[in-house]
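Encoded as structure tokens, the structure appears first; notes follow it.
All chains are identified by letter, namely A, B and C, in their written order; residue positions are counted from 1 within each chain.
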Amino acid sequence: MEVLSILLEWGPYLLGGIAVTLGLVLSALVIGFILGLPLALGQVYGSRPVRALVSVYVWFFRGLPTLILLFLFYFGVFPALGLDFPAFVVGATVLGLRGAAYQSQIFRGGIQSVAEGQMTAALSLGMTRWEAIQSIIIPQALRISLPGWSNEYPELLTDSAVCYAIGVVELMTRSSQIVSQTYLTMPIYIACALIFIALNYGGMQMIRKAEERFAIPGFGGTAVQS
Amino acid sequence: MDPITFFIQILAPALWQGLLITVALVALTAPFGLLLGTGISLGRQYGGRALQAACSGYIFFFKGCPLILLLFMLYFGLPSLGITLPAFTAAVIGFILCNAAYNAEYIRGAISSIKDGQMTAAQALGMTRFQAIESIILPQAMRRAIPGLSNEFIYLIKYSSLAYMITVIELTGAAKIAATKYFMYNESFLAVGIVYLALVTLTTYAVSLLEQRIAIPGMGTKNLI
Amino acid sequence: MKGEYILRVENLHKNFGDREVLHGISFDVKKGATLVFIGPSGTGKSTLLRCINQLTEPDRGKVFLDDEEITGCGARISGFRQRIGMVFQNFNLFDHLTSVENVEIALLKVRKMKKENARAKAMEELRRVGMADWADHYPAELSGGQAQRVSIARCLAMDPEVILFDEPTSALDPELTREVLEVMKDLARSGMTMLVVSHEIGFARSVATEVIFMEGGRIVEQGPPLEIMNNPKHPRTREFLGRIEHD
């Protein structure tokens, strides 16, 4: 069948897009984490101006559509700063900055869920605030945040497809390219959808395993909503 | 062209037109997305085995498939199967399908947070399952689902921007076109950004007012997002 | 009434997995009787009540309400449930409705009464249990005893032929327990047919027309309260009552 032969011919190219998509997602998760945790700490423990700044940051990056952020950074901000980076970098940066905004709120919830008494006990043992935060609060907060944080993965995965709009050659873009070459629209799109769904499912399974490994007995961590 | 003239003569009118389209997209999607989402979550919770599987499958597919891909399938893909939809229609359909999947999850979470005793008591009084769902379960579940549903509504406002990818000239499209034509990128996207932020912020405020309005003592709307 | 007995239970069996919870339970209930079921926790008493109004389906056995069989009747069970009231340990009041709305909702939805009539009847029943002043309060605003009284009113509004009480006071403090037991005593005296699962031995002694001691899913002994309390025949009954008296 013609459909089958086209799929076989272009399959590898399409599947190659998985690496780019996952690259976007993982970069965004990492940037989001590295930036998000300090933002959360700033919101919980920081002074008034710090809290205000973080709030504005979160409001900005959560309130804008991903597409607008991508256009803004790709056509506006990066060129204005004289930066000539490939679209992938812009995409990963935008997704990362956005991810940090979301993750900061998840971590903030986690930090605030750690009982008051924990900090009190730590201080009474002679720890400084910062030491307490580092060794008592953050480890617990991260574990509590795990279910919410893991919801970031499916979010980022579906959001990564929007990077098509600035020409990142990930899964979505590749399907589009194949379609324009072969005129075989639905089968290609469906194949692409199935790949995304598989990545979604596979990723969530791995996260579930991680959750189980890191669970602390007695710490209700609700199962990840899939 | 200086920025002021650009804003007044080009961008503002363009954004206004775009805003009307965006509002139309959201206004058409929201009610149907809510209805479909409610139906699917009820099917998932109370249906027979086949219906439950179908509803689970629906949620699984439409949450896992990127919206932009779905829009492409509806607008560029369907014609090859003989169905040609106008861009606006394709966008609304895509949004409804996606919105419903997320709504279904929030509503299902809300339904399962309702104590079993409520259904038991309703049935003990002689209500059929249908009557119990209609007058006891759903009223409570919908209240609890408000945080999640309003969260999803705000997402809808934002992902309406993807309609531009299938040639619907809503807010994002209007900004991009103006930006590209006049080389005013930062200005255009920041301006449209402010419009989106205003929409989102106003909606968030309206939702919190709504929550206060319909609050019932003892029934927190705090729940599971 | 057709026969002598308003409720007949014949040979009920119920398993949960491989645990046999009810072993061939049979008894008859005359109109106006108050049956109190006592026995160790987890011996199937609650399951028995739920098998009577088919909230739990028994594996074997039959239940007859006024000589009509209600086991295995499919969708018609809703109709029968309207004639059997149930009061739960956890009240199960509808959280999104006020007291009066809780009492009238079944009248509106199931009996399809007119709004004014339903409201009037609901208020009447609330007055009967002493909760008329709390008509516009939500369940979260009521104490346990108040909530339980509202749930009794909710049952009464349907004019049931039998009311099943599933440990109605087990979730209440002693003071709140008293106010609910008072309402139940009034009901019994007014001629309502009641099946009560309870640990309240004093209630059984003063109000029951028959006491049934159950253990391990079986009826061990049954009879008038004075007989069972003062002269229990079966050693297990004696042992159980001995333990209870010392609490």
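Observations on the structure shown:
By our rule, contacts are C-beta pairs under 8 Å (C-beta built on N, C-alpha and C of every residue); 3 or more make two chains touch, one makes a residue touch a chain.
Predicted model only: the values in this text are computed from it and were never measured.
Looking at chain A and chain B, no chain is in contact with each of them. Distances between chain centres, each the mean of the C-alpha atoms, put C farthest from chain A.
With centres computed from Cα atoms alone, the innermost chain of the structure is B. If you average the CA atoms of chain A and of chain B, the two centres end up 21 Å from each other.
Chain B and chain C have Cα centroids lying 46 Å from one another.
Per-chain Cα centroids separate chain A from chain C by 54 Å. Looking at chain C, no residue sits in touch with two or more other chains. Taken together, the chain C residues at the contact with chain B in this complex read 53, 55, 75, 78-86, 88, 90-96, 105-106, 109-110, 138-141, 151, 154-155, 158. Chain contact summary for the complex, chain A toward chain B: residues 59-60, 63-68, 71-72, 75-77, 79-80, 154, 157-162, 164-165, 172, 175-176, 179, 185-186, 189-190, 192-193, 196-197, 200-201, 222, 225-226.
The touching residues of chain B, when paired with chain C in their complex, are 115, 117-118, 120-128, 131, 135-136, 139-140, 143, 216-219.
Across the complex, chain A is touched by residues 60-61, 63-70, 72-73, 76-81, 105, 109, 158-162, 164-165, 172, 175-176, 179, 185-186, 189-190, 192-193, 196-197, 200-201, 224 of chain B.
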